[in-house]
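Would you mind keeping the following structure in view while I ask a few things?
The chains carry the letters A, B, C, D, E and F, assigned in the order they are written, with residues numbered from 1 in each.
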Amino acid sequence: MRPSGRAPDQMRAITIEPRFTRHAEGSVLIGFGDTKVLVTASIEERVPPFLRGKGEGWVTAEYGMLPRATHTRGNREAAKGKQSGRTQEIQRLIGRSLRSVVDMKLLGERQIVLDCDVIQADGGTRTASISGAWVALRLAVDGLLKSGKLTTDPITQKVAAVSCGIYKGTPVLDLDYDEDSAADADGNFVLLENGNIAEAQATAEHATYDEEALLRLLRLARMGCGDIFRAQAEAVK
Amino acid sequence: MRPSGRAPDQMRAITIEPRFTRHAEGSVLIGFGDTKVLVTASIEERVPPFLRGKGEGWVTAEYGMLPRATHTRGNREAAKGKQSGRTQEIQRLIGRSLRSVVDMKLLGERQIVLDCDVIQADGGTRTASISGAWVALRLAVDGLLKSGKLTTDPITQKVAAVSCGIYKGTPVLDLDYDEDSAADADGNFVLLENGNIAEAQATAEHATYDEEALLRLLRLARMGCGDIFRAQAEAVK
Amino acid sequence: MRPSGRAPDQMRAITIEPRFTRHAEGSVLIGFGDTKVLVTASIEERVPPFLRGKGEGWVTAEYGMLPRATHTRGNREAAKGKQSGRTQEIQRLIGRSLRSVVDMKLLGERQIVLDCDVIQADGGTRTASISGAWVALRLAVDGLLKSGKLTTDPITQKVAAVSCGIYKGTPVLDLDYDEDSAADADGNFVLLENGNIAEAQATAEHATYDEEALLRLLRLARMGCGDIFRAQAEAVK
Amino acid sequence: MRPSGRAPDQMRAITIEPRFTRHAEGSVLIGFGDTKVLVTASIEERVPPFLRGKGEGWVTAEYGMLPRATHTRGNREAAKGKQSGRTQEIQRLIGRSLRSVVDMKLLGERQIVLDCDVIQADGGTRTASISGAWVALRLAVDGLLKSGKLTTDPITQKVAAVSCGIYKGTPVLDLDYDEDSAADADGNFVLLENGNIAEAQATAEHATYDEEALLRLLRLARMGCGDIFRAQAEAVK
Amino acid sequence: MRPSGRAPDQMRAITIEPRFTRHAEGSVLIGFGDTKVLVTASIEERVPPFLRGKGEGWVTAEYGMLPRATHTRGNREAAKGKQSGRTQEIQRLIGRSLRSVVDMKLLGERQIVLDCDVIQADGGTRTASISGAWVALRLAVDGLLKSGKLTTDPITQKVAAVSCGIYKGTPVLDLDYDEDSAADADGNFVLLENGNIAEAQATAEHATYDEEALLRLLRLARMGCGDIFRAQAEAVK
Amino acid sequence: MRPSGRAPDQMRAITIEPRFTRHAEGSVLIGFGDTKVLVTASIEERVPPFLRGKGEGWVTAEYGMLPRATHTRGNREAAKGKQSGRTQEIQRLIGRSLRSVVDMKLLGERQIVLDCDVIQADGGTRTASISGAWVALRLAVDGLLKSGKLTTDPITQKVAAVSCGIYKGTPVLDLDYDEDSAADADGNFVLLENGNIAEAQATAEHATYDEEALLRLLRLARMGCGDIFRAQAEAVK
């Protein structure tokens, strides 16, 4: 029995508020239940040094958590003077995931920065970030297309992500904090709308797992991402 | 004529959404027009080293701006590895302002941290932060009173803040970004409900000013803070 | 009664030793009583990136305190690896204050850096820094004029600063450490010789204050700055 | 055809030199072909703050790469003043992997730090680190058992890791640098001797992949880890 | 011929102003010609962690250079966020040198911190620092003796330092900046009044040197330190 | 009697394994007894900013110690976020020493970076680093000569270094850790094959020393460096 009373294959409510802020070229407040992430997409007409002059674009991400997004207040990374290993790991994952659905030649020599800031955390902040980042990216690229800066859409398809894990012996979809902190194993799956996998990660926390469990987690992820793809489509309609 | 069409002594719309997030002991999303700041109040049952064992509490603040709260994206302070001088100056001001209305002996040996994170910026982020911080603090202290951890209210009165400045030769209230970036002089006033001043600051930007102008700014600030006090009272009713 | 026996409107002895060191284009050791600050002005034939190619100059300041300038030794900021919020706040104030009396177009595309290092502290280090910085700047610009690098004087007038505060209920001028650490409110006023205000700041420490008190502090500051303007004039004669 | 001429399911030569250095309680130089990692295990009779007084031990890891372990010299992280996101991600993975085979209650209130320093890099440094770390840990724990500080072995079984990826459309085992830098997708699998999975990660680099490919990579990993388990057993005999 | 016209074995004028600042337990402004260093000695009634509870004291030093002590302005180390290798090397040398004349058991469990801040630089700042630090230390310890906190003098004898180098082929004493920047080799010698050596360092800059040259430098240093010992004695009389 | 049983003028076994790693242009594992240092020489076809366009090359060094090279584990400098003063002092010494035997005009506008990483420490790591760095540099320059990038050898002669110290009253050569940690005085001498001195440093640790002792240490160093020069010649044959 899940603490939230959900069925094992049941996502939390997915809420997407596009254009949540007004300065960014794309922005969205995405919620997976009580997890709320604000994602903005900023277009910069320059690329990182390693890409200059190659006629290709870049998509990158940064991630942060407001100090009191969590049950107990965490120290502000800006005040500590460095980003934690966890933060860096997550923002690398978000960037990779979004790059998997963008044709960099079509994007042209510009960069899109996806800032994912967790307003409230209840498990699954990295997967909500990826799923919301696609919406912010879509809105920003729509602006480029509308203004004529781009004539061909560089986004090849949708990408979404969800966490799955083994909680009290049962594979479950979209772990909330109560489940996440007690899970035997937990994973994050980044899937494309065409069914392909951009990233699969599953980590033993309190117990290792077998191949069958890995496959079961992946299948739960497919179900969850189906829901997210529908919500994304609705949001950018 | 102000870019927004407001009268010189007219505040922007003040919006206050109390309890915007659920983990913090107090939280609020405050808006002065398009400026939106999320403030959380976190209660910690310990005090900084210099106060240990003295039977007194402490109130402090931290301030941050999401990278794309502004027209063009700013670098994330956590990624740069340090807080700017501006950030530190603002968070020192917020902390001082709120401490001016708290009786530290009555608060007892605990600390309340006020995190002010700017979601969207359009001028006046520090004054919106102070004004919202009072609401978050009020909600957090109400919780302490309700739970019996405190029996006497340590908050002595309301505090609010507003910016005023000289724009194209005219003293105006509550500058937005367009005015702020072109003002001759601009100031921030932190006022108590009883009319006293907690902090007055007025800085020449493009032109110095005289004593009469300083007084005119202060009077505009009184008008603006009157509006804010009413909105605060409404929000915590 | 002030600890020093001074009258409420009495400055400490102002001492100014111009050309205290020999490498800097301008230098001065300024004293407000036991507060001693060494200020050097360094001319650099380049400007910060945001001004390049605009034909305008820049004036900026840095501030530091020797570890044992104070009653008890403070940690060296270079060893701690960062400047405190207080240091950054002060150096921003000094830079703004001096820029208020320089015509940047006349200065031309060069930068003058004002380094203010507190040798001995007894209250009022930021105001002594501003007052001394004007002398160092004057000497440096005199050199530019003498050498023919400048033909028109870019300094428009004198600027000086002094602290005022409310000590045991009485507004007093030029607080020393004993007063400063016990003041109800304390402020810093940066005034021009023509009577205008470049910066007014007054902060409640142990008690908030009213409008009349603010005006009284400002008038004390005018008296103190009068003395400083005379000492500056004498020093650069 | 692989650049090295290996068959798709062929590991590089595994070399393990136990007791490579003399001060550490356990040490090993492990090689996967030209990739060479020095791993030391240091026993500390204390645990991190979050575990104090709980009667449990801890195993953690740090990872570094000598500046010229690679084809072109990289900047020294100690000189840059921070560890990269990649470094932190890897050392977190190594620590988690080794903790999956240690019973922390049996280890008792002490910490074992596994330092993995890459002497020469040719792909697979993180998987060689994990595989070597098990040997260093085994040697260190053998010392604790021999000296009587432990009476029951806290290591529950062997753990090993290997990379697999899709190179020119073909799933291959144990990628070297030439393959790694051109792979469509690449993954790291951390497996226990009993067949269970401690960590599975597979990332699309130039092309996303499907479920069948994920399974094929996992099966290649099983083959590779089989070889590593045999080499580990030989090394600690 | 030396740029300054001095004879090869001639020191610059040694000036020592004891009690230059008033808060420190010992302070001095020492000059070797145009090199001016302010040294303060701060007594702290605690020792570093590695000495706690051993009944021994400690003497340590920190070194800094004001940004415009030199011909062209250097960046402030506090602003850069770290001390240079040169700074750290010098402060380690100063600390070691002074510890060589203090009996740590007699000093008791307290620490004396010697802050050496270069006000103006013209070569030899580290040797002036050491020579001045002895005076500041002497004054601080005299205070401990006078107040009865110490009954036996822990300072065993005088220590002084001077630079020597090979300039245009000739060994010379006490290099100024013009010589220092062009010297073939340059060295720093820390000598005790009884003739013993606390530290000898001689580095080839533009040309290596032979044993005879090393001895000649050492003998010049003895002459220079003789002058310094006399000036120190005069200053603390 | 030395702990190791060596005669006072006896070096430890010198072992040199050239070409220890394969990516660097020059590499060596050098051992002085149980002290083992891996040195790599990396050629970069650019020079530091201060040398650009001058037609001269540069040689520099970096030094690090693996966390468990020592008896007890030290913190990783990359994790602490800065290099210690000791590390910086050593790498400055190594760089200076090697530059004393290179003709920078003949080297041309390129830089050679010497990375010295201590794999195992037993005293004398800086002198082993210098001695090994010469071999790595020699191998790297041989490659430049062989490839025709250089036609004239810029290395003018051999350089080697060894530590000497006064242990229980007796001057001894090449201190190991047991001696080093208990020595009255200890020094490092960097000598050229032609007999000249590049650097002489001798520091009192527990007792100051006289001129005769300094000379005795220098003569021991000559004996030790003779052995090292022979081992270097053998290694690069």
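Following the convention adopted for this analysis, contacts are C-beta pairs under 8 Å (C-beta built on N, C-alpha and C of every residue); 3 or more make two chains touch, one makes a residue touch a chain.
The UniProt protein names, listed by chain, are A, B, C, D, E, F = Ribonuclease PH.
Fair warning: this is a prediction, and the values are worked out from it, not measured in the lab.
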{"item": "Required steps from chain C to chain D (each step between touching chains, minimum)", "value": "3"}
{"item": "Length of the shortest touching-chain route, chain A through to chain D", "value": "1"}
{"item": "Listed chain pair D-F, A-D or A-B that repeats interface B-C [over half of contact pairs the same by residue number]", "value": "A-D"}
{"item": "Numbering shared by both copies at the chain F-chain D contact, with half separating same from different", "value": "same"}
{"item": "Turn needed to bring chain A onto chain F - CA fit, degrees, nearest 5", "value": "120"}
{"item": "Between chain E and chain C, distance of the C-alpha-averaged centres to the nearest whole Å", "value": "32"}
{"item": "Intercentroid distance (Cα basis), chain F paired with chain B, Å", "value": "59"}
{"item": "For chain D paired with chain E, centre-to-centre distance based on mean C-alpha positions, whole Å", "value": "50"}
{"item": "Multi-partner residues of chain C (at least 2 other chains)", "value": "81-83"}
{"item": "Order of the ring members, counted from chain E so that chain F is second", "value": "E, F, D, A, B, C"}
{"item": "Residue numbers on chain B that touch chain A, as the complex places them", "value": "21-24, 27, 34, 36, 38, 40, 42, 44, 62, 64, 66-73, 76-83, 87, 113, 115, 117, 119-121"}
{"item": "Residue ranges of chain C touching chain B (in the complex, touch as defined)", "value": "82-86, 88-89, 91-92, 96, 100, 187, 192, 195-204, 208-211, 214-215, 218"}
